[in-house]
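Letters A, B, C, D, E and F mark the chains in the order given here, with residues in each chain numbered from 1 onward.
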């Protein structure tokens, strides 16, 4: 395991939690080199650079994924990561609302449905804990 | 002129300066209702909502435009707006670098060329002023 | 409720019927300002302009959504709206067939599957009524 | 020359005029089979089907190309074809305005710039004739 | 049935097997002319040209579909066709891995999930046979 | 300079020649970390894996870039790389022709114009040499 992989796995775990790690584990079982290079490059090389803080990186990721229109499974994981990185439901909703002006309403509607589902799960989980 | 339009024009002017206003003026000369609704909706309705500050909104806009790949004229205007909203050259570069992981390198390379050009112009203009 | 919203809701109801209104209600429960601005802008500002009739607007919407490839939930609602606006099954099928030349066959195949499903539902509902 | 090619070339000439034929000639000089199959399929097979009239087909083509964002050279040719098929400047402008709601403003702004340029050329040509 | 259709159906059957033919049959029941022109153009005109062998054509198709992001149902059929055309699981995985650099990781992750599912089915079917 | 960077630079130089290296140098002058990670990841990690030979990798890259529609500057560099990797003009033309069925004709037309220009340059350069 390279130093980049270890650093990437730590960043991935901090950001995406067990869900994110499970996605990568399933991927790596089938395509080990692809899973390894994904962790090394995205999380080991890019995410750990100090030029942007984690909350800002989640804003960038969520804006890009929402605008792309077809990346809903990845958006779901990164909206969960956004909540972990301190973005509120109001901020997440507002990011998608803002993206609508640039990507059009269909991409934003699909993204908003993901944000709604993730927030509902997070609220249900929080209610369970109390 | 509606109240939404006045509010939008003020936001557009603050963000994009004379360049942005000139783009809209040229557009509105040809397609008045389209120019009007663009200013009202994007700048009057969306940009002025208090849920995200202007600097964050520029991060969202630039991330979305970079990821879309074909929106380089709009990206150019909004990178200039990003500088006005307080984003540094280092932050702008890092946003595009981060987007590469999600949109792929070609979209990021085209976006980075726009950021390079806008930053060079801004530095030349700053040098002229001194 | 703004005048634009009322006008938009009337247009949305006429075009998309209870299905369309239910989608917006669910959206607005989660993200009220986004749902409101969507109704005001798309249906209050754009759809009610007299420069194109409703049937033509549905041709534009369906062509754009089919070409974009990832907007299938929105396409489904607007194909139903197309039937309400007087487009026949033959015309809807032909629009998607035509779009294939520009967007490629995969986008058109996914769109055609939506048209098939919506037309089958409409025919089943018509059979029930008789 | 196949019967499909002859039929397609006639349709292409009627729709796009000498400009469109010149584009295909230049293409066919380099890639003959590609140019031939393009004319046969798009213009020989699709455009000549009677299920939609030519004016409606241009609305479909222009809506799809505008929504795709990167197809500006093709949009330019088909906006000229739209004028030939009887679409007015007001209708062309309104189609792009409408598409903005679905594809977002950047794609629509790029498309509107094409419509503006083509309409200006057509008006200049009409002024020359008188 | 045109000669082009017969040639196309033979190519489609050889490449995609009963699955691919079933998809086209279902499509043609609803939209006969669309199904017919798809078979004639893609499989009768393009796939049977001798300039590229079938294995190379599947590499082109799979690379294009993976990069487009939203074409997963078509990718599934063509990954099966890729196995039939002699691509190994290792080659299929590597194509998607390579595409990630150009289309970004989300498109590649969705494509890799399709390759994983198709390969698992193929291995289960092979195990059943023995 | 990391071992990955050295390996990547060697692969980039072999594939894209002085043009490709000049693009990266210009990029790295402005955004050094981005240029470095691009070389390390795409050329050091991905391109040097032995699972696909270089000619096949260029087929994958060119198919993906052509299908994406907006990546013409990158396509130009990689068509030159394709010629260096042994693809003929006939094969390059056929790849784009094939992609048209999946991405639609506009993306393919823009890509074919790039292939035409690169092949014309290569033929002019070859004529100069003799």
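Here are some notes:
The rule is simple: contacts are C-beta pairs under 8 Å (C-beta built on N, C-alpha and C of every residue); 3 or more make two chains touch, one makes a residue touch a chain.
What you are looking at is a predicted structure, and each value in this text was computed from that prediction instead of being measured.
Chain pair C-F has a twin interface among A-D, B-C or A-B; that twin, with over half of the contact pairs alike by residue number, is A-D.
Fitting subunit B to subunit D on CA positions gives a rotation angle of 120°, reported to the nearest 5. Under half of the residue numbers at the subunit C-subunit E interface are used by both copies of the sequence.
Contact count check for D-E and A-E (C-beta pairs in contact): higher for A-E. Computed from the mean C-alpha positions, the centre of subunit D lies at a distance of 30 Å from the centre of subunit F.
Here the spacing of subunit B and subunit E, counted between their Cα centres, is 40 Å.
Multi-chain contact residues, meaning those touching two or more other chains, occur in subunit F at positions 33, 37, 41-42, 46, 49, 65, 68-71, 74, 93, 97, 100-107. Every residue of subunit E that touches subunit F in the complex is listed here, in rising order: 41-42, 46-47, 49, 51-52, 56-57, 59-61, 63-68, 71, 74, 90-91, 93-95, 97-103.
For subunit D in complex with subunit B, the residues that touch the partner chain are 69-70, 93, 96-97, 100, 104-110, 112, 115-116, 119. Of all the residues in subunit A, the ones that touch subunit F in their complex are 33, 37, 40-41, 45-46, 49.
Of all residues in subunit C, those touching subunit A in their complex are 27, 30-31, 33-34, 37-38, 42, 65, 68-71, 73-74. Those residues of subunit C whose C-beta lies close enough to touch subunit F in the complex are 100-107.
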